[in-house]
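Both of the next two complexes hold subunit A, though its partner changes from subunit B to subunit C.
So, the complex of A and B:
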């Protein structure tokens, strides 16, 4: 049996050296000025890299400026905005983007939550499984796009090869109107389902166990427990994950660029891809700026509505 | 108060940035290159090119470093490459910044108008007069890779300015399986389609045709333009700048019908996004009876390591034939290739080196060596030289095709025109649009691009 450790000691230890007290701060360096000095670098960086470009784009959006043609920017006021909002080309891309966002986010949410639910019920190997599921999310979208492009190739791709060995016909994954958009949704889902899974898993593990224990005592069914305990508690967190994914999906560019280049025709051109073409094929910088500003506005408005819903949910 | 100060600061910066735009307006035309080459630096110097990633880019870097170093040991040549689909953007975003990491831009012939109008490249007219033997070239090749405004097909306007010199000539070659359709290549487009049809029927697993259909770069557009030319169509009336009613006239519609309803059914399933590499792969793997591709990209077809057609170059050549395009109502073929253009934003020392390189490159003996190294020269003497004609089985195809070439539009709006055509032809080839609807849409949308001035709200949609 070991001795108990005394809480106090008579030995005061080495006598503290007689160091002089710290010099008082200069009167000039007040708390407020010190705070400004500390946040100034970050603030300046933010102003230079985010706020100024946004305001600059806002200014350009009211002009006919072209980055390559140079020359003075003439004010056209709301002409760019009117042209974008009334353009049939833009409406077509908006519809494509909407289908893509809804399709991808719904699929990812259902799959991500299901996988998270199944993992949360395991006691062994949960960490390993989670890590394995997260691998697609770690890859660059360009790399993901390139290898899926090879896998989905109608002639040489492994997917059609598997379908062939099962006695099914070849599918033109990337060159037919319907399958091309579905392929984009599937590839995006493959890469980003782990994100939803991760957030959902965090929510699921945070559900207090005593609620389930109480439900077990009441002999509540599995479905009843899921419906009345699990889902309501995880739902707000899941909605935040959905919000992040919806914003990401709304500005999808890289996968489209690599997998379909917007084709066949323009049937998989998203709004971001179209902005890229307006900005860099014709170098219509004013129009592209207005297009970008409108996209930001859409995201801000939808996010606000969404956050209000989340707050309401929290209050309820 | 602080918010107001910040807003004022931002406003001041914005106004200052606007002022910069006004300064740029005064220089919105191509600056002139000196008539004679300025004194060259003795310090080590890297002369940078920008091109897209394909075999000729590596060939140029290796060739130039080996040969140019003999006359300029302090100079190193670097050919920077980007994916083909980014080629235009990579050059013109740097031009927009008025700062380039390249000294020589290798522009497609149709990019010249945009670069000249924006003042991005040097006017070489005086330099060419003093340093280049223009009589040594086929006039149209010299015009196609340097002249602006665009030359009429087959001609050169000697009074027009020159902004570039030829680097690599190119056109399409027909690649056909001698072992499947016979030694003699089809002579007319109709014969070619019949031969492909029969070959496909006789050889299960091998598709009749293989050609560019992708909606990136200018892939599908060049395919349609080729068939359009062969069937007697025109892309536009250059004098009146009229496309609607010209491109979609009866000849244009017949060409689209042939492409979508007769040629497309003979291609492999899922080939609707094929470009240079995919077409080459289909030939190398023995999956196509007849294919069309750029000559400059065809060298790899004879590499036994990349082909299933034979274990040696000779065995492959027993099976593969290369021929000029079949004719139908005309004998037109597409003009490919690119020229060298000096960046207006390069340093004075590098611009001088670039001019010296161009003068050196256009010498007769260097052009022949370039031909032997795998390049396609533009000087007539080099084109007729054994060094060129013996370097590859497709080189004679190029030499024979030179008088038959036709280019697209070389106007500042080119990038948008080609995108409209590319996406619509791709849509027609993949069943997303009916052929007539696609052609009418191309004509209407391209006309609207040409008609709308660049200075207007909503431009580019």
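So, the complex of A and C:
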């Protein structure tokens, strides 16, 4: 990194020109073979474990195959897709997912950016503060889900205990329709606020000091400085973080599975969780595959958006 | 113009008067900011601390109403229960921890062995449609696990990889290869290609140049990347719960989740198991804190 930079400059440029062209060509050929030999194994694994399964799911999505019933699969073409796209159940799950994704990502972004901004203004103890804030993000969703389930328990949960000692009423966090989804959003926010904070902090510390100095010479107000210097410079990176989180939240499964198991009723069933129920509890493998392919399409759109911004960020 | 005249005319009083008030309000603000930070940090850390506390509480204190924050009896029974079965043998949880070590370790090794050379090749050579290939590789990582697990489940059932450590290792390796390639490509890009060119002028082949000169410089990067891959595999839950079922194969995340299956839940045990499970991750994460931004964005963002 920084210590290798001076080494590059005193490396002579003539290296390339000293190479005889004939040798360069044969070297290029062997380079090519080497590149293939080095890249192919990794790509093969990805083809076998990611692409092939998806293609299989695509095939199954056009059939009435069931993993338990077995037997041959019959082509039903787009029946599965029309069934899913017109199902009121699926629409409800889509709405739940939308509320969850938007709620969680907005909360995380606001909180994460606030924390990052506060930390970036400190001169002492930045490293320690950052490390402490990052703890939730490194925990497994299993640990997070289980532990919040314990803390949110209506009877002996510590959250209700604290509310009680503050003189506030008890809340049945995970067993009431409305609060269950809120609890899910809160827990996800708790875990992933550090993610936004980390990325925002990377952006904030990269803002050149001289810009602020120039602004303070011009006696620009704090808010003006924030709006015209900080935000535009951090925004691209923050957008990447937000998109990343949106994709992750959209495909979230484990936290729902552990925290609420989709309940009460179907109030916290996200699309991911519904796919699981169709596939592993209903055993409609064909329908579940079509459902999954539709989800993959959404993820692909989001990922393309993410990659485009990433590309833009890299080129700047 | 007017501003500069103003300043030129009366620099003294302007600076003298507002300065103290500004400093005082500045200090008040900074105290306020610090207080806000401390409150936020307390809120963020409380669940982790509460988990730690619950793991060393006696059972009747765990379920105490109202919750006991300080005056509880300390016990290490829950930690003993994590490792030792009631009959004195090894507990199912400790077996699952061992499985987790094997699965996470081997899959990380596999992902590193496959990913590092690929990353080097992508960094050094002109590959056809390089950008598209790299973006394709990263996008496989974003597939919803619940969707991928359906065909994988059928596939594994066909070839007999269901409920086997090898099956988990393969899927985790495939999960970590995109990350390893992206993360390592960044590290390889930082090593000047001229080193290899110079070595090749000295008569080394390209491969030898990579092994003897570039690879040693990449070791810290490889270590950091491997640690992240290890954390991802260690924490993974969705594939583990759908692709394994027996106690001998199950990794720790589904085993810990299985603790809440019954009618009564031993939350002390859950807390202790969670602490044992999370502690290595936190230690490892601390070791690679310099690379966290790149690590958590799958190597996509480097600052």
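Here are a few things to note about the model shown:
The definition used in the following text is that the second predicted complex is superposed on the first by the 270 of 316 C-alpha atoms of A that agree within 3 Å, B and C clash if a C-alpha of one lies under 4 Å from a C-alpha of the other, contacts with A are read in each partner's own complex, and residues count from 1 in each chain.
One rule holds for everything that comes next: a residue touches a chain if its C-beta (ideal position, glycine included) is under 8 Å from a C-beta of that chain, and two chains touch if they have at least 3 such contacts.
Computed from a predicted structure; not experimentally measured.
Contact with subunit B, but none with subunit C, is seen for A:283 once the two complexes are overlaid on the shared chain. Between subunit B and subunit C, the partner in contact with more residues of subunit A is C. In the superposition on chain A, A:57 contacts subunit C only, with no contact to subunit B. When the two complexes are overlaid on their common chain A, residue A:177 makes contact with subunit B while staying clear of subunit C.
Applying the stated contact rule after C-alpha superposition, one finds that A:266 touches subunit B and leaves subunit C untouched. Of the two partner chains, both subunit B and subunit C are touched by A:155. Once the two complexes are laid over each other on the shared chain, residue contacts for A:73 go to subunit B alone; subunit C is not touched. When the two structures are aligned on the shared chain, A:295 is found in touch with subunit C, with no touch to subunit B. Of the two partner chains placed around the shared chain by superposition, neither subunit B nor subunit C is touched by A:238.
Once the two complexes are overlaid on the shared chain, A:116 sits clear of subunit B and of subunit C alike. Residues 51-52, 56, 67, 155-156, 257, 279-280, 288 of subunit A are contacted both by subunit B in one complex and by subunit C in the other. If you check the complex, the residues on subunit A that touch subunit C are 1, 4, 7-8, 11, 15-16, 18-19, 27, 30-32, 34-35, 38-39, 41-43, 45-46, 48-54, 56-57, 60, 67, 111, 114-115, 118-119, 121-122, 129, 131-143, 145-151, 155-158, 161-162, 164-165, 190, 193-195, 198-199, 202-203, 206, 219, 237, 240-241, 244, 247, 250-251, 253-254, 257-258, 272-273, 275-276, 279-280, 285, 288-289, 292-293, 295-296, 299-300, 302-303, 306-307, 310-311, 313. Across the complex, subunit A is touched by residues 3, 30, 33-34, 36-37, 40-41, 44-45, 47-48, 50-51, 54, 62-67, 114-115, 117-118, 120-122, 124-125, 127, 131, 133, 135, 137-140, 142-148, 150-155, 170-171, 173-174, 177-178, 181, 190-192, 194-195, 197-198, 200-201, 205-207, 217, 231, 234-238, 241-242, 253-254, 256-257, 259-260, 265, 267, 270-271, 274, 277-278, 281-282, 285-286, 289, 292-293, 296-297, 300-301, 303 of subunit C.
Residues of subunit A touching subunit B in their complex: 47, 51-52, 55-56, 59, 64-74, 76-77, 79-80, 82-84, 87, 89-90, 153-156, 160, 170, 172-177, 257, 260-267, 277-284, 286-288. Taken in their complex, subunit B has these residues touching subunit A: 6, 10, 13-14, 17-18, 21-22, 24-25, 27-28, 85, 88-89, 92-93, 95-96, 114, 117-120, 214-216, 268-273, 281-282, 287, 413, 415-416, 419, 423-424, 426-427, 429-433, 449, 454-461.
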